[in-house]
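Given below, in the form of structure tokens, are the structures.
Look for subunit A in each of the two complexes below; its partner is subunit B in the first and subunit C in the second.
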Partner chain A sequence: MPREELLSPEGLRLDGRRWNNLRTLKLSLRTHPTSSGSALLTSGHTSILCLIHGPSEPSLRSKQQHDRCTITVDLTYAPFSGTDRKRRNRTDKRISELRSVIQRTFSRAVMTHLHPRSEITITLLVLSQDGGVLAGCINAATLALIDAGVPMWGYVAAVTVGWVPGQGGEGEEEGTPVLDVNNAEEGELGVLTLATMGDKGRVILGMLESRVRLEAVEGLMAVAVDSAGKVKDMMDEEVRRHGEAIARAAGVGS
Partner chain B sequence: MLSISLPSAAPPLPPSSHHRASSDPDGDITMSASADDLDHLPTTLVTPGEPLTTSPQWMRGHGTYLTPPSTITSSVLGHITKTNKLLSVTPLHSRYTPEIGDLVIGRISEVQAKRWKVDIGSHQHAALLLSSINLPGGILRKRTSTDELQIRTFFSEGDLLVAEVQSLFQDGSASLHTRSLKYGKLRNGMLVVVPSAMVPRSKNHTVVLKGGAGAGEVEVVLGVNGFVWIAKKRVVEVKKPEGGVQGMVSITRLEEEASMALYSNENDEVDEATRKEIARVAGVVRVLAREGVRVEEEVLKIGYKIAVEMAEEGDEGLEGERGRRMVERVLGS
Partner chain C sequence: MPKELDPSTNEKNFILESLYAGERLDGRELDAFRPLELEFGEEYGLADVRLGKTRVIARVSAQVVQPFSDRPFDGIFTITTELGPMASPGFEVGRQTEAEVLLARLIEKSIRRSTALDTESLCIVAGQKCWQVRADVHFLNHDGNMVDAACIAVVAALQHFRRPDVSIEGETVTVHSMTERVPVPLSILHVPICEGDGGDEANVVTLIDATLQEEQLRDGDMTVTMNKHGEVCQISKAGGVPLDPIAMHRDMNLAFVKVKEITAFIAKRLKEDEEKRVKRDNLLESKAENER
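The block that comes next holds the complex of A and B.
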């Protein structure tokens, strides 16, 4: 697909969004009450379910660390999640990489020193993929961890930003960032996935897997940090709504 | 409260006239200053990363952390709890954290040389030492190496037991004991697991419900860890001692008689009517917890009574909408 089609002269993207529009973000917590914590995240056509088990006794003795808890990430793509049905096995290199990225991110965000010799298992199930799977996984895991009551330094909020290069004409802009890429854009563009922790825009994860002009990176990061803050606010709003509903039910009972 | 750490080197107070006026000669701040500060604390829910106060006079408790220089920040979703000058956040929902004296129900997960590992739904498995159980043949008997070899005859993997938290290890994991006739192996019933926040700590954790329609009594043991055991009421059969004082049994003799059946793996005969009532109580516990009502003695008794009434009215079962109706009637009564 030619790059100019990704962004029309009027500045509209394939799905009719402007460069700075996020897709509709639907969040829900405690979708699976038998787990320690759970969350379902839907961002456009990307849909991810996250379940937390723990902190609990490690499943393997080797996972026990004497001074902190171990975080184990289990990531599965449902066979029906993509455009064509295919079964991905667990040793898939792409999945292992994402798992390790998520594991490292949350090892820093969770206060692991509070639960020594235990394990927290983050189980992620990608139900439907349309770009931004890593960012979605991180946001879903943050919500599920909060639901599980696991102490964290702050919210981890992730977004994706793509870079549409300009045509190189005289007086033309060098290019445009596009926020929250979908599957078609993700396949064509250089995409930065960035996660921040807390309010201050501290970057905890940055992942750029394709070539982007060096001058563009700073702009991409600025856009990403800014919108991660917005995503954090949306998550906070949903967490409060969920918390108040639980507190209300408990208040009635006592 | 062992795991609370004081803020390292509390920063000196700004030399304002207000503070000087309200300070004791030895540097203590009077309560008026903290009363001012109370008003600034958030009263609603707090979420991870939310600053609670910048005042250096508060100590940080559970669920919080210190952001330099002196901001206390929440680390969980929950409500603020103030204990004197200790500021902590109680999470709305979390796994069970053991405390000394808690009555818990657990399942043996591992048998080691001199101890068992018990899954109590906490961060780590609890330990039950061979020396902290009632050995058959009297409470005063010393533990011998024969007992160590026979460790599986007392408890083996998968057994359910009720115990009390005796002490906590440095890392927060629990050590249990069953040195009372109230504790020990569980038989003749079923286990229901609910979130630990749904079972509050109270004076009495054993509830006896009178089953209607020819059913025997049902005993409910509410573990603080959210494990609830519902069973036919235990009857301690005491044989008449030969040649002893008529009708009287010495304490040690009672222990001895009881311990014969203490580690049995065989269920007694539970008749159908009682089994039905056990299942009904299990339904009541599940529905109460699902609807966010804490399972306590009173609530459970009322809930069970209403469930029986509903069944008599032809509204048998507690699934979905019926369960909600039951909870409404419990809250209404």
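The block that comes next holds the complex of A and C.
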């Protein structure tokens, strides 16, 4: 697809959004009461379910660490999640990379020293994919960990930002960032996935996989850090709403 | 599984405290590379890279195969990396640890996914014959920063490599031997170079080109791949100490300076090697680009 079609002259994207619009983000906590914590995240057509088990005794003795808990991540793409029905192998390089990226991120974000010799399992199931899967996984896992009552240093909030290069004409802008890319955009553009931890907008995860000019990266990061803050606020709102609902059901609080 | 020994508490405290004071164990500046050495082999496409004590050999080879049915106009380019006990006793044969998967993916993303090699130029007959270029990366010694060393080795080996010339007459494809016709260099679109940064604990100290000990003690790392045109091919920071975005951008600019230095260094070594070859084999003025 030619690049100009990704962003119309009026500045509208394929799905009618402007460059700085997020897709509708639906968050729900405690969708699966049998697990320690769970969350369902839907962002446009991307939907991801996350279940937390633990802290519990490690499934393997070798996973035991004497001074902290081990985070294990299990990531599965449902065969029906994409446009073609396809069963993805668990040993797929791309999946095992994503898994270890998520694992490293949460090993840092969770206060692991509070649960020595234990294991926390993050199970992620991608129900439908339409761009921004890694960001969705991170956000869903954050919510599910909060639901499970696992202590963390702060919210980990992730967004994706793509870069639409300009046409290179005189006096024209070099390009435009587009926030929260969908599948069609993700395939064409250089996309940065960025996650911040806490309130100060410090970057805990950054992944860029295609060629982008160095000057553009600065703009991409600025947009991403800013929007990650907004996503964090949305997550915080949902967590508080959920907490109040529980308190009300138990007959405490306002 | 044999595990890499962690540095002792004394070593750890010593290294960290000297880092906070701005000193590294080997006397380097915080933003300095270890001495980089690059040698080419007798044959085309063999590069031997030494970065301090880290040593990596990359071997590029090519063979004629059938292209993938979904990409009939593209040749095939694969990079294989294998970490064995030769590099460090912590690596086992045939069992990939998570760190190895990440390392292999990083090199692959840096070079293959950023389309450094023009795979379309490897096509011989659409849908039937194409070149498969294969880069085998051998890690000989592990003293930290394997990504950079491997990336430099692969990129240098790709630029050094010459594939046999091919001529097509009707249905028959002839592969000419190296002595019959001057071999053809691969068309490299850009030269990506990785930069590994290691951050260290609470008040962040940023290091370039960490040694093994520094790698074991670090609290996070970021790898940026760029080419000399100022394009970022890949950024990878997975977990680790949360960084200020402004600091991240400063690191990227620093990486760009280093990338230009390394690219120039590789180009210089390639030219020296070329001159040596011309003298040795009497290849004067014979280039694949020349008219025949």
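Just so it is clear, the second predicted complex is superposed on the first by the 251 of 254 C-alpha atoms of A that agree within 3 Å, B and C clash if a C-alpha of one lies under 4 Å from a C-alpha of the other, contacts with A are read in each partner's own complex, and residues count from 1 in each chain.
FYI, a contact is a pair of C-beta atoms (placed from the backbone, for glycine too) under 8 Å apart; a residue touches a chain by one contact, two chains touch by 3 or more.
Values in this document were obtained by computation on a predicted structure and should not be read as measured data.
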{"item": "Superposed partners subunit B and subunit C on subunit A - clash or fit", "value": "fit"}
{"item": "First, second, both or neither for A:A247, with subunit B first and subunit C second", "value": "first"}
{"item": "Touched partner set for A:G11, first subunit B, second subunit C, both or neither", "value": "neither"}
{"item": "Which of subunit B and subunit C A:L214 touches, first, second, both or neither", "value": "second"}
{"item": "First, second, both or neither for A:S96, with subunit B first and subunit C second", "value": "second"}
{"item": "Touched partner set for A:R104, first subunit B, second subunit C, both or neither", "value": "second"}
{"item": "Touched partner set for A:V203, first subunit B, second subunit C, both or neither", "value": "second"}
{"item": "Subunit B, subunit C and vertex subunit A (Cα centres) - angle in steps of 10°", "value": "120"}
{"item": "Touched partner set for A:M152, first subunit B, second subunit C, both or neither", "value": "first"}
{"item": "Which superposed partner A:S118 touches (first subunit B, second subunit C, both, neither)", "value": "first"}
{"item": "CA minimum distance (subunit B, subunit C), superposed complexes, angstrom", "value": "11"}
{"item": "Where subunit A meets both subunit C and subunit B, residue numbers", "value": "197-198"}
{"item": "Subunit A residues within the subunit C interface of the complex", "value": "93-94, 96-97, 100-101, 103-109, 192, 196-198, 200-215, 217-218, 221-222, 225"}
{"item": "Footprint of subunit A on subunit B - complex, ascending", "value": "44-45, 47-49, 63, 65, 73, 75-79, 91-95, 109, 117, 119, 121-125, 171-173, 195, 197, 288, 290-294, 299, 331"}
{"item": "Interfacial residue positions of subunit A with respect to subunit B in the complex", "value": "30, 33, 36-37, 54-57, 69, 111, 115-118, 146-155, 197-199, 236, 239-240, 243-244, 246-247, 249-250, 252-254"}
{"item": "Complex contacts: residues of subunit C adjacent to subunit A", "value": "98, 101-102, 104-105, 109, 113-115, 220, 222, 226, 230-245, 248-249, 252-253, 256"}
